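The data blocks that follow each hold one structure.
First subunit A sits with subunit B, and in the next complex the same chain sits with subunit C.
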Partner chain A sequence: MSGRVVLQDIVKVYRSGGGLFRGKTSVRAVDHVDIMLEPGETLGIVGESGSGKSTLGRIAAGIESPTSGHVSLDGRSYARIGSAAWRRERRGVQMIFQNPSKALDPRMTIGAQIGEAMQAHGLSDMQGRKARMEEMLALVGLPGMGGRYSHQLSGGQQQRAVIARALVLEPRVVVCDEAVSALDVSVQAQIINLLNDLKARFGIGYLFISHDLGVVRHISDRIAVMQKGVIVETGRAAEIFANPKHDYTRSLLAAVPAATPAERRARERRIA
Partner chain B sequence: MTTLEVEALSAGPNRQRTPVPRPPTPQAETVLTVDGLTVGTARADLVIDVSIEVRAGETLCLVGESGCGKSLTCLAAMGLTPEPLTRKAGQISFLGDDLSRLNENQLADIRGRDMAMIFQDAMAALNPVRRVGMQIAEVLVVHRGLTWRQAEKQAIDLLASVEIADPQSRAKAYPHQLSGGMCQRVMIAMALACRPKLLIADEATTALDVTTQAQILKLMRELQAETGAAMIFVTHDLGVVAEIADRVAVMYSGRVVENAVVDDLFEGPQHPYTRGLMACRLHAASESHGRIAAIEGTVPSPARRPEGCSFRLRCPHAAEQCIEPPALRPVRGGHWAACHFAGDFA
Partner chain C sequence: MSIEQSLPVRKARRLGMKDAGRPRFVILLCMVWLMLVLLVAAGADHLAPFSYTEQSLLNRLKPPAFLSGDPKYLLGTDGLGRDVLSRLIYATRMSVVIAILGSMIGATFGTLLGFLAAHFRGLIEDVVMVFVDFQASMPFFIIALAVLAFFGNNFELFLVVVGLYGWEVYARLTRGLVLQANGQGYAFAIRTLGVHPARIYMRHILPNILSVLIVQLTLNFPELILIETSLSFLGLGIQPPQTSLGLMLGEGRNYLATAWWTGVPAGIVIFLTTLSISLVGDWLRDKLDPTLKSAEI
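Here is the complex of A and B:
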């Protein structure tokens, strides 16, 4: 099975300013990061806002180029962004974003958008695409709903449509950037179950970026903890939570709200 | 069982409104009572027969998914029902006064002074073109009649009280120069400027990072202990509920479906919806494997709620009698649930 993504020594610097009243400033969003996503594995990336986790995700998905460093999928380096080779490569790595209502085109039916993704990659003929679209929609739990527009769907259904559009290309890897964070808890659980089912069925690898430690713990095989552009700790999911090594990981875990009021009181007694 | 609960139990199907669930032993002064509140348009009701109460020094959490009516209940409680919605039924009394008898000027006097609200997006709630110190001072000038000079001095003290380091210079900052957590602290300082009797926090920590959220929750608990304010905390996060609530009202599709003391709710939830929410939580502190017990389906739109219990179509316990709408009824001391089978769940 293929789908190994390797990021080596990635640095991303954003420059801004140089305006009338301001000097130039630069921010190191990602600072010498090395990670590897094994085929069919879910690698969770946690960190607070501004830690650089989304930037890292965009670089892994190939929609942003690093300032320096090297990204490859199954040993092949990513092509230059905008080139024809790059466009072909995008089929292998798809991305799912936080806000499904913004990720979908409001003027096209979801069926047409799934068809368009296939057409862009020259997959199948018109009849074949239609059949494949129906099949994909049924798979994500939206059977026969290809004729709907995004505003006719609930938030959870919209995210299912986005997942169908990403997976119809049979990617090896999907980068999920806060893919369930905007959804209500009961719907969030449905989508996580769906992502896990699809992974089991197709052997897709996920780079799962989230600030929600509970979600990341449940879905990930391995976890990387990011702080200020640097990965401070990586390890098996259960191991990181049971035995955090780095101070930052410990402070993150300590800040997680208590599961029950009784647990909160127990914690307060420990501190006092 | 209190007389009120007996009264509610004996009330037959003729009873129109849900009585206000009260703790078995009421102690502190009641700050806000919402009794049988219904808010909606001509076509659909978004809040239906909601009865809640909050006392001085107590924190009531309103929990539910988006669109369940929790924010709208709070807005109505402040007399801020947004157009085109109207209050169709129900009474809101604040410190013993019926809010509907007050005119807009009287309401404006109360808001910001006796009751204050904090929103999710503090950065958007602050005025981007005024220094934060001035924005806090304005509350004191308007409500307390302080001079600007006095008010600005006090604003700096308030910034210190919400644990902002170097309050003197932070007071001169504009909102965009502060972090999200810092802006939320400014909002809290502003809300507490006049020592309100009631503080409503609408998803006040949802947009914050976990570490910042933990700090803000701790700060709010401390400030509440100090001021004795009543607090209504709107959230969808049961973890936040465990951190801050004394009492919890769970809302689903416009109605309160369960109302209980926080420990009772976590130890023995009696409405299948609450039980579902508890079951599908993913908590960082506990191991979880395989499929999550998700609640299947979606929340019905207010215009198309199923007949009877609005949770019926998603409910694993649904039976024939669920076609009859269940009333919110006491299960045991101070624990209320709107389900025909409430009391049967261990």
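Here is the complex of A and C:
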């Protein structure tokens, strides 16, 4: 099984143009980050908003280039963004975005959009694509809904459609950027379970970016905690939650509401 | 249509709500009129009772048949004794052809430049936008008069000049819409699937912005008829013995007090046609938008 993403010494600096009366400013969104996603692993990236986790995710997916540093998927660096080689590479690494309604073309049925993804990579013929599209839709829990437009679907169903469109390419790595944050809590659980099922089925590696530690804990094998563009702590998911080493991790964990009264009392004792 | 979709539709019908899928009566009338105009334009040679150049000086300025005129001339005759109905039919063909071809030229040219500007950005965008600003800041009539006066008048040149009217609106509109669509999620998300940019433009962005462009087309089309009218009126457009609605209106103006039937029919055709196109265009925009459709049901 392959799908190893290696990010070495990644730096991403955003420069703002500067206004009429302001000088140019630059923001270091990602600051010398080294991280590796093992094949078939789910790596959770947590951090507050503005910590650079989304930028890191986009760099890992190859849809944004780092200011300096080196990214590779299975030992091969990403091609120049927008080039033909880059487009071919998209088959191996896909992204799932926060807002599914914005990720789908409102004027094309979801079935056609799934078919188009396959067509872009020359996967099978017209009939094969149709069969595969139906199969994929059934797999994500939207059987026979290929003729629907995105506005005819609920938020959860839209995200299922986006997932089907991404996974029909059989990527080795999927970057989920706040993939469930825009959804209802009950739907979040369904989507998380779906992602877990698909991972077990296809052996995909996930880079799962979220500010919600509860969600990340549920899905991740490993977790990396990001603060101000720097990874302050990495470790096994259970370990991070049981025994956080960094102050920032601890404060993030303290912000998660306790699941049970017993846990809450235990926490209060710890603080006291 | 699945069961869960047809239920609310039926409910809406029972409640007497408007079915968004079916055009209203007024729209139907407009469509019928436009079809008629197109048929007349297409079959002018067979429909016209006389040739549009055939003069009969003994029958000058005869009133229409329904105003106790000669029954041979249904809409009367003009100052040279030519049958107004026949001339109206040929004039309609000329104006419709010019407006259709002209608006196609303008829409295609402007939209293409808008796409190029939005795709390449940088220098190409700057150059296109400079031309857009240039065109927008020069009164169109000055340009048209200069070109037609300098290069002389022939049909093809006239068509191109009329066609270029309003291209800058398409270019600016398209550029803005494409930039907006590129910034929106769906175009970006589809790009990350590895779909070729040309396909994204043709299959995703163009259908999404088409409704705006069609509305612009329906705004532009009547203006083109008016531009053609004005230029013909000034003697720089269609040249006699050819005729167009504008030319007829211009010639009829001289007789407005004594023989109104020489110009008014052309005016009525211009009015009804431009109005119909505007209304149908509006309806078409709603029809082309799948989100509006379900919202109205």
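One rule holds in what follows: the second predicted complex is superposed on the first by the 257 of 272 C-alpha atoms of A that agree within 3 Å, B and C clash if a C-alpha of one lies under 4 Å from a C-alpha of the other, contacts with A are read in each partner's own complex, and residues count from 1 in each chain.
We take it that a residue touches a chain if its C-beta (ideal position, glycine included) is under 8 Å from a C-beta of that chain, and two chains touch if they have at least 3 such contacts.
Not measured: the values here are computed from a predicted model.
On the shared subunit subunit A, the superposed partners subunit B and subunit C are arranged side by side without overlap.
Touch criterion not met for A:M36: it reaches neither subunit B nor subunit C. When the two complexes are overlaid on their common chain A, residue A:H211 makes contact with subunit B while staying clear of subunit C. Look at A:V230: by the touch rule set out above, it reaches neither subunit B nor subunit C. Counting the residues of subunit A that each partner touches, subunit B and subunit C differ, and the larger count belongs to B. In the superposed pair of complexes, A:Y149 makes contact with subunit C only, with no contact to subunit B.
Judged by the touch definition given at the top, the superposed model places A:A189 against subunit B, while subunit C stays out of reach. When the shared chain is aligned, subunit B comes close enough to touch A:R264, but subunit C does not. Subunit B and subunit C, viewed from the C-alpha centre of subunit A in the overlaid structures, lie at an angle of 80 degrees when rounded to the nearest 10.
Of the two partner chains, subunit C is the only one that A:R88 touches; subunit B does not reach it.
Using the contact criterion defined above for the overlaid structures, shared-chain residue A:A103 touches subunit C, although it does not reach subunit B.
With chain A used as the common frame, subunit B approaches subunit C to a shortest CA-CA distance of 8 Å. Within the complex formed with subunit B, the subunit A residues making contact are 48-49, 154-157, 184-190, 192-193, 196, 211-215, 217-218, 238, 241, 251-264. The residues of subunit C lying in touch with subunit A in their complex are 5, 184-186, 189-190, 192-197, 199, 203-204, 207-208, 290-291, 294. Put simply, subunit B touches subunit A in their complex at residues 65-66, 180, 209-214, 217, 236-240, 242-243, 245, 262-263, 266-267, 276-277, 280-288, 290-296, 298-299.
Subunit A meets subunit C in the complex at residues 61, 63, 82, 87-91, 94-95, 97, 99, 102-108, 113, 116-117, 120-121, 149, 151-152, 162, 165-166, 169.
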